[in-house]
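Listed after this line are the structures, all set down as structure tokens.
Each of the two complexes below includes chain A, the first together with chain B, the second together with chain C.
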Partner chain A sequence: MGRMLAWLDERFHVIKPHRRFLQRRIPDGLNYAYCFGGLAFTFFLVLAGTGLLLSIYYIPSEKEAYRSIVMINETVLFGWLIRSLHKWAASFFIVSIILHTIRVFATRSYRPPRELNWMVGSLTFLVAMASAFTGYLLPWDQRAYWATEVGTAMIQTIPFAGDALMLAVRGSNEVSGATLIRFYSIHVLFLPLCMGLLLWMHFHMIKRQGIAKRL
Partner chain B sequence: MERRAFLRKAVFSFFSLSGISLGVAAAFLYPARPGARKEQDVYLMDEDDLPRRGVRMVTFSVHSDEHDVTMVNRVFVVGSPEGVIALSPVCTHLGCFVNWDANRKEFICPCHGAKYTMRGEIISGPQPRPLMQLPLKVDHGKVYLGVKV
Partner chain C sequence: MKKEHKTETAPEGQALTPEMEPKREKQFYPDYLAEIIFCALVGFELLLIVAMAWPPPLGRVIDFTRQFQPRSEWYFLWLFEVLLYFPGRSAFIGAVVFPVVYFLLLMMIPFIDRGRNGRFKAKIVAWTLLGLFIFFTALRVIRDTWPNLFS
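Moving on, here comes the complex of A and B:
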């Protein structure tokens, strides 16, 4: 391990530039409550990894979505494991974000000069919730269908623009195959892209400003 | 525990876990072994319509329960003094469908020019094996073809 790193460093000088952010100063008195952000990011990495794997077998079509889920669970080697990891990591991802938010709120770390990071963090939470909502439809079973039917119907209650917005989300008057492929695309392309950008901003800001001192 | 020892262990665990994860991912990605294909008898034609001398291309459709699709296929029914046989139209070179050239009395593959006799034997070309024969069955005046679905 050490020799491999030395070999790399001799040629590319990798150690010095990485020291800057691997060996950062952190304030005294930090505790495990400060780990929730990192924990959430770990779950995000698990979600990204298992999600990439699931996309190999999942078929986002009205006729075959449910069948492909059953196939992943029963036929594919470790399919049940990968799908369960994705499902549970999603739940724990949301929980970790909430705990992280509570910690930031409790230690008042949102105050200037970190207000922009709080906003980006809030957007991250919204993107995570949107990912959860769109991912929930993909198994295409009764629970998924009706959850989305009810969830998207709420959009209709927005004054004036409600009907148009709901049609934009569903892609048709009812939750249908059009909704399924729409949600699939949003779930695996749009939202992860947004999430990656937001997290990049989140981490760069914390790198610049450092962790807030405990009160 | 000393800091350095702890870090060493942490790095070791990280790479072990990553290795295991990669193994699981590889197993997950490896395609599931498809189930053995079952032989199925498909009705082709009536016994009276069998060609005594010559080649007839017959189109038939089979339903695959596993994939829930109906596939349309074709087969050459060849009649000659040696008897009636069914020849698969799939060229044994790279799998194109061969055509029957009635003037030359040869099966000719349009892709790379493989040539077969009327009974599927090799004349010339890149193909390693003669055309595959499919089992024919006659039952109560009806002709059935055995295909694997």
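Moving on, here comes the complex of A and C:
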């Protein structure tokens, strides 16, 4: 460790900037109610990891999506476990976010100067819900299809622009193969990118401002 | 990484008892990091146990000829329930206005908590938001479990 670190430090000067980060003080009186944010991040990492693995076998096409899920579940080594982990981690993720939000509210940690971090956190929750919604369609089974049909029909209720917006979300008049590819792209590219950016902001602000002291 | 511990040596011939050790400030590394990693591991193990015990079943193949009553994930149930109270042309309120207002209120909590009664106002908003979520989720679960209860 020492020699490798010295080698790196000689070239990139990594120790000094990280020392302030690593040795910063943590206020007294934190308890395990403070762990839900970290837990949420843990589950996000699980979602990202299992998602990467699932994408190896999953085929986002009308004809093959369902079959590829069956294959993941029955043929691929530990495929069922990876799928199960991904599915359950989504629920655990949402629960952790809710508990984390309750903790931050209870300790009133959103007060100035941390308003912006609360807002970024709220957006994280929104992106998590959007990920859950788009991911739900991907198995392309009876339940997924009709849930998305109902879910996207809500957009149509917007006055004036409703029809156009729904067409933009579905990619066709009905939920179809076009919707599947669209949702797949949003689920694996757009939203994880947003999430990564939001989490980077979230953590960076904590790093800058420190953990709020107990009331 | 080497860390400079402030260590005091015990007086000659005396063992250093825990009370005599100088109180070190809690730092991110290694104190807090160890706690975070502990939580993360426990959380992951819980997840692993649940995932192994209850793998999600495969759904049925899509059948376009049959209308199907979809069940959403538990965290969307409350929104489905709210939809029921805004039939026809008012659906816009349940489908779009309600979630948008809900989310904006959540995001604006730091700005609601301002002035003399700020915390009180923020508490009312927060409890209302949480209450709505729990209330409508519960209603939906009841409705799905006993479909004939309300009709």
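Some observations on this one:
In the analysis below, the second predicted complex is superposed on the first by the 196 of 215 C-alpha atoms of A that agree within 3 Å, B and C clash if a C-alpha of one lies under 4 Å from a C-alpha of the other, contacts with A are read in each partner's own complex, and residues count from 1 in each chain.
Definition applied: contacts are C-beta pairs under 8 Å (C-beta built on N, C-alpha and C of every residue); 3 or more make two chains touch, one makes a residue touch a chain.
A quick note: this is a predicted structure, and the numbers were derived from the prediction, not measured.
By the touch criterion stated above, A:25 is placed in contact with chain C alone, chain B being left untouched. In the superposed model, A:79 makes contact with chain B only, not with chain C.
Of the two partner chains placed by superposition, only chain B is touched by A:53; chain C is not. Once chain A of one complex is fitted onto chain A of the other, the partner contacts of A:147 are limited to chain C, with no touch recorded for chain B.
In the superposition on chain A, contact is made by A:114 with chain C only, not with chain B.
Contacts of A:89 after superposition on the shared chain: chain C is touched, whereas chain B is not. By the touch criterion stated above, A:103 is placed in contact with neither chain B nor chain C. When the two structures are aligned on the shared chain, A:42 is found in touch with chain C, with no touch to chain B.
Measured by the number of chain A residues touched, the leading partner among chain B and chain C is C. For the contact definition in use here, the residues of chain A common to its chain B contact set and its chain C contact set are 1, 81. Contacts from chain C toward chain A in the complex involve residues 1-3, 25-29, 31-32, 35-36, 39-40, 43-44, 46-48, 50-52, 54-56, 58-63, 67-76, 80, 83, 91-92, 95-96, 103, 106-107, 109-111, 113, 119, 122, 126, 130. Those residues of chain B that touch chain A in the complex are listed here as 11, 21, 24-25, 27-30, 32. Residue ranges of chain A in contact with chain B, taken from their complex: 1, 49, 53, 56, 71, 75-79, 81-82. For chain A in complex with chain C, the residues that touch the partner chain are 1-2, 5, 15, 19, 21-28, 30, 32, 35, 38-39, 41-43, 46, 66, 69-70, 73, 80-81, 83-85, 87-92, 94, 96, 102, 105, 108, 110-112, 114-115, 118-119, 122-123, 125-126, 129, 132-133, 136, 139-147, 149-151, 154-155, 157-159.
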